[in-house]
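Common to both upcoming complexes is subunit A, partnered first by subunit B, then by subunit C.
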Partner chain A sequence: MSSTSDFAVRAAIVGLGITETGPVYGRSAADFAAQAVQLAVADAGLRMDDVDGLLVSSGVSGGVHIGLAGQLGLTDLRMLSHISQAGSTAGAQVQLAALAIAGGLATTIVCVHADAPLKPKVKSGDAYRQAAGGAAAGFAGLAMVAGPRTPTAGYALAARRHMNHYGTTSEQLGAIAVGQRQWASKNPQAFFREPITLEDHQASRWVVEPLHLLDCCMVSNGGVAVVVTSAERAQHLAQPPVHLWGCAQTHPGYRMERGSAWGLRSGAAISGPAAMAMAGITPRDVDVCEIYDCYTYTVLITLEDYGFCSKGEGGAFAASGALAPGGALPTNTGGGQLSSFYLWGMTPLSEAVIQVRGQGGERQVERHDVAVVSGNGGVLDFHSTLVLGAQPRA
Partner chain B sequence: MSDFTIERNEASAPFFDAAREGRLLIRRCTVCGRLYPPQQRRCVDGEPLEWVPATGAATLISWAVDHGAAVAPDLLSAAGDGSVIGVVELEEGPWMNAALPGVDPTQLRDGMPMRVEFAVFGEAVPVFLPA
Partner chain C sequence: MSSTSDFAVRAAIVGLGITETGPVYGRSAADFAAQAVQLAVADAGLRMDDVDGLLVSSGVSGGVHIGLAGQLGLTDLRMLSHISQAGSTAGAQVQLAALAIAGGLATTIVCVHADAPLKPKVKSGDAYRQAAGGAAAGFAGLAMVAGPRTPTAGYALAARRHMNHYGTTSEQLGAIAVGQRQWASKNPQAFFREPITLEDHQASRWVVEPLHLLDCCMVSNGGVAVVVTSAERAQHLAQPPVHLWGCAQTHPGYRMERGSAWGLRSGAAISGPAAMAMAGITPRDVDVCEIYDCYTYTVLITLEDYGFCSKGEGGAFAASGALAPGGALPTNTGGGQLSSFYLWGMTPLSEAVIQVRGQGGERQVERHDVAVVSGNGGVLDFHSTLVLGAQPRA
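Our next item is the complex of A and B:
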């Protein structure tokens, strides 16, 4: 075989490290990052000396940077970089690691993301909110008045546009939240495990209408790391290998003017099909989806863009129960960012690794040969996709 | 929160001068004529932009009600429990984010005609209301 996508099939994820997550105080993001790396390397059955590449990612609290290599005592690294693509970072880290391994630049690359924005007196909603009041210069002042001032407000505008155009309803978004909570109730690591109903969703307060509180992810402290190495070497390590079958990124760069698809179609519409084409699959072949879920609406538009349902049918698809336990397309099987923990793209990626390995315990899906993972950042501005398989790609 | 003020800078001065007189300015490429919202710095081709008047007529693309702390009391909705923000499509084509102060969000409709008004926070800024 000699196609340009050979690089992807030469890589596998062989280690996963997840620290304690949630309102865990008194630890820095760098501390979470270091522990996640150590856990992932040990999980793979490797030693820290085996690591020759490190790709770090920092959340809103900052503090995770290339100095992490020194903190971990890693020597003579052949690749070291800080990847910064917001919610699409984790997928991009794995993609770059796979390229580097296929190109012979390094053999064992750890990708890590950690954040610690929660403090005892800082609520989730404040971690991402621009302060109001005071003075602002020039067009920054205009933007303060015009909004959106938070990611939630940006997604609310996007979601409303989808509702306007396709008739998507708040209750359909609620079905996503309810289904994911059902999954979370089976996940001992999830932060929110109490079942919720559609009525609970509808009764939860507006954050930015049309998004209720239960449409929004939480904010978490913690760290997650994965180890990427060659598919050959993966066969001889401690865990069942999770093979990379395909990957892609798309950063759409919407032109905000007449005719824009903003809010209706995201970068996922290019990234998803590209990654699945590289993997040699179609949506019908996918057993489990781990979709970036900063908001319920993000899940809906991503599933549409990936082709799991027709454009505009995402609401009905979610309301059918397809995504929940027992549904046709198990999605966000750990509870996702809505119910389990929020560490950007590492939330969906880590759950995909667990599912493809078959280590999901009570929440393990029956068929787990092929998983699709999405990453999303900005307000639908940055997108990455990974296709993962339990076996080497045919 | 009522002490929020905008301080002009060099790039925004012509825009705020016009806004004070009740005129909305947008940007136009001096070479290709493409139109942009006010904050655009250069044409996507790199060519310089000039200020041109917009009619102030627009249609509503989307809206949301932010229930977080308002930037200023004047921006609250009719019900007073949040600030309505929107995306409008100017008659000329560019989209703008804009405050929709004092409106009842249940009365807003996709594609409804909107018109510019100006609210003063140190400088005058465009806001949009149902036409």
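Our next item is the complex of A and C:
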């Protein structure tokens, strides 16, 4: 590469496929994945023959592996891998695809994630536990390495530390949930569309104190895929190109120890500025944010770490209404994982593609030239950032 | 990137760590992986603090995931992913590391693979089945997608087709096993070092006809890691740099159908020439080959597809003694997966690093300026190629 930040601008997202999501029963994760790939390729105006790279990711139910290429009848792929880095996976898939395109290894790479943990008579909250199985399997296992018995317990500790240190309140977290539900009410594909109030949030049961039920994402079945190709080729395809301006990952490895930054600061604090520097922008240039929201708290700490407000001011920023419809920083405009659907990093990424294209319908934000997308996994252990633009980067 | 083949030359392998391998009991795959990383970093003359990327891979026993970063105390990694593409994984890890280094995303990336399927009282042949568990899990599951109930059954069908079509014989496959055991007898770390004859090969029991026991790799516990950094920095570290000259992957997706190329031709036929073109070499320039040898047949078809002999002539080429000590094309100089140890693509990669450095002791080949390394997975479904050089690429 001629300079260190050249590879991103050579890539664009040109196709998006989203299957039915939510409690959709009787289909395997691999089936959702295959359908998502086919939808994304068709959306781009491409044929399956055009695909020469496939990066797959499974959710907690597993079952999506590189055999998907054979299932889809794809031949002579130049890239084919199962990528696993929890909620940071989708951002990493796009980053790897962009690197491979710039390196001349492949021209048309599909990134897909699918999951099917929900079954009839299995409640959302139990689906993760049942699908994950043993103590050390999947997402839950990653969190358990750090001590807590569930992801929610880990995030509850992190949120509590932020509250203690900065005075963040449950009502401020609630403002994030309420705002995202307002967005969801404008999204016909969102699972939860009925408006909620701050009182509803406060009255919802504790899952793990200080996290109420309405602070927590749902669990969904379904699949999402995006097609990445060269920025040049993107000009001639079926959809408005969504250009990659910058990307980064940072996996902090902070320990849950007194004196560490754990809970107060995440990988976003390095990954966000790095991706924005590559994109040649600052937070002021961002029109819309799609932030990984396994919990309301994750949105709050990510926005702080990205520099959209000062450190410790995330609660006040959210409570000001900035993130909700009509606010200064439209955030999680499809309703996010709290209200729309939960397919790890593909939830924020897919909504960013919709918004940058200008295809958001009733929820479309007016200015949508630059979007920031985050991915987060473990208990703040893994982070990825993408900066996307409606035009080629200047 | 300024041109499509620039990224490879910017990277070099500077560290290698190999744990104890074989029937080493009482340690988890994650433990082997952690030790391999530490050994590789120390071998490079680096400190763990220098590491800013980690690409992990588990064998059939699982248990190696991105939580390894936390186990090792690594902080603020800029790349952290579990990569899964069967026997092509090691080559893909190095390829992704090289892309990330050229793209400025990370400077020092460790690639690791570990496995621990062997247990006391579990025979090698049963370890895979037991570790893989359910029908669709892991390597065995990938093969089963295509029909056969074990990987060996799939490869037996493939070998049979090659025999029928080209007249390849079991004795010619045996020459590969015999030659590799000759190499292993010079390698103090190899598990099987006792010389074997062609008669021993022919007399060994069928596993799945036409594959004898001595056509099949062993199964091992253990871990291997390599450190990848920039070619520039490699000049100042503890070991002779092993430069990356070229790399490619091709995952053919051929079906096991009459009229298809399956069994006669593999992904190596595209991946090999692509990697050599990137490296600016032809097969005549190659001093030493480290070829993925889950079965003798895999060596044969890969050498043909890479162009080291004509298509269909692999049997005669092996029977000529070309691959054994003293032959024209030293191949699998540590004994390979048949005789030394079996840790997927890390077996050929680690031996290539040793040979290119000139650290092979009694088995060191005289000319070791250029090595070709292959990875293979599924039943010829997945393929990766690396070209490594003792000097920076011209």
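In this text, the second predicted complex is superposed on the first by the 369 of 394 C-alpha atoms of A that agree within 3 Å, B and C clash if a C-alpha of one lies under 4 Å from a C-alpha of the other, contacts with A are read in each partner's own complex, and residues count from 1 in each chain.
We adopt the following convention: contacts are C-beta pairs under 8 Å (C-beta built on N, C-alpha and C of every residue); 3 or more make two chains touch, one makes a residue touch a chain.
Everything numeric here is computed off the predicted structure, so don't read it as measured data.
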Contacts of A:A86 with subunit B and subunit C, given as first, second, both or neither: second
Touched partner set for A:L55, first subunit B, second subunit C, both or neither: neither
More subunit A residues in contact - subunit B or subunit C: C
Residues of subunit A that lie at the interface with subunit B and also at the interface with subunit C: 136, 141-142, 145-146
Interfacial residue positions of subunit A with respect to subunit B in the complex: 125, 129, 132-139, 141-150, 153, 156-158, 160-161, 164-165, 205-211, 256-258, 260, 263
Contact set on subunit C toward subunit A in their complex: 1-7, 10, 63, 65-67, 69-71, 73-86, 89, 92, 95-96, 99-100, 102-105, 136, 141-142, 145-146, 248-254, 267, 270, 274, 378, 381-382
Residues of subunit B that touch subunit A when the two form their complex: 1, 3-9, 11-12, 15, 35, 37-39, 61-72, 75, 82-83, 85-87, 89, 93-99, 105, 110-111, 119, 121-123, 125-127
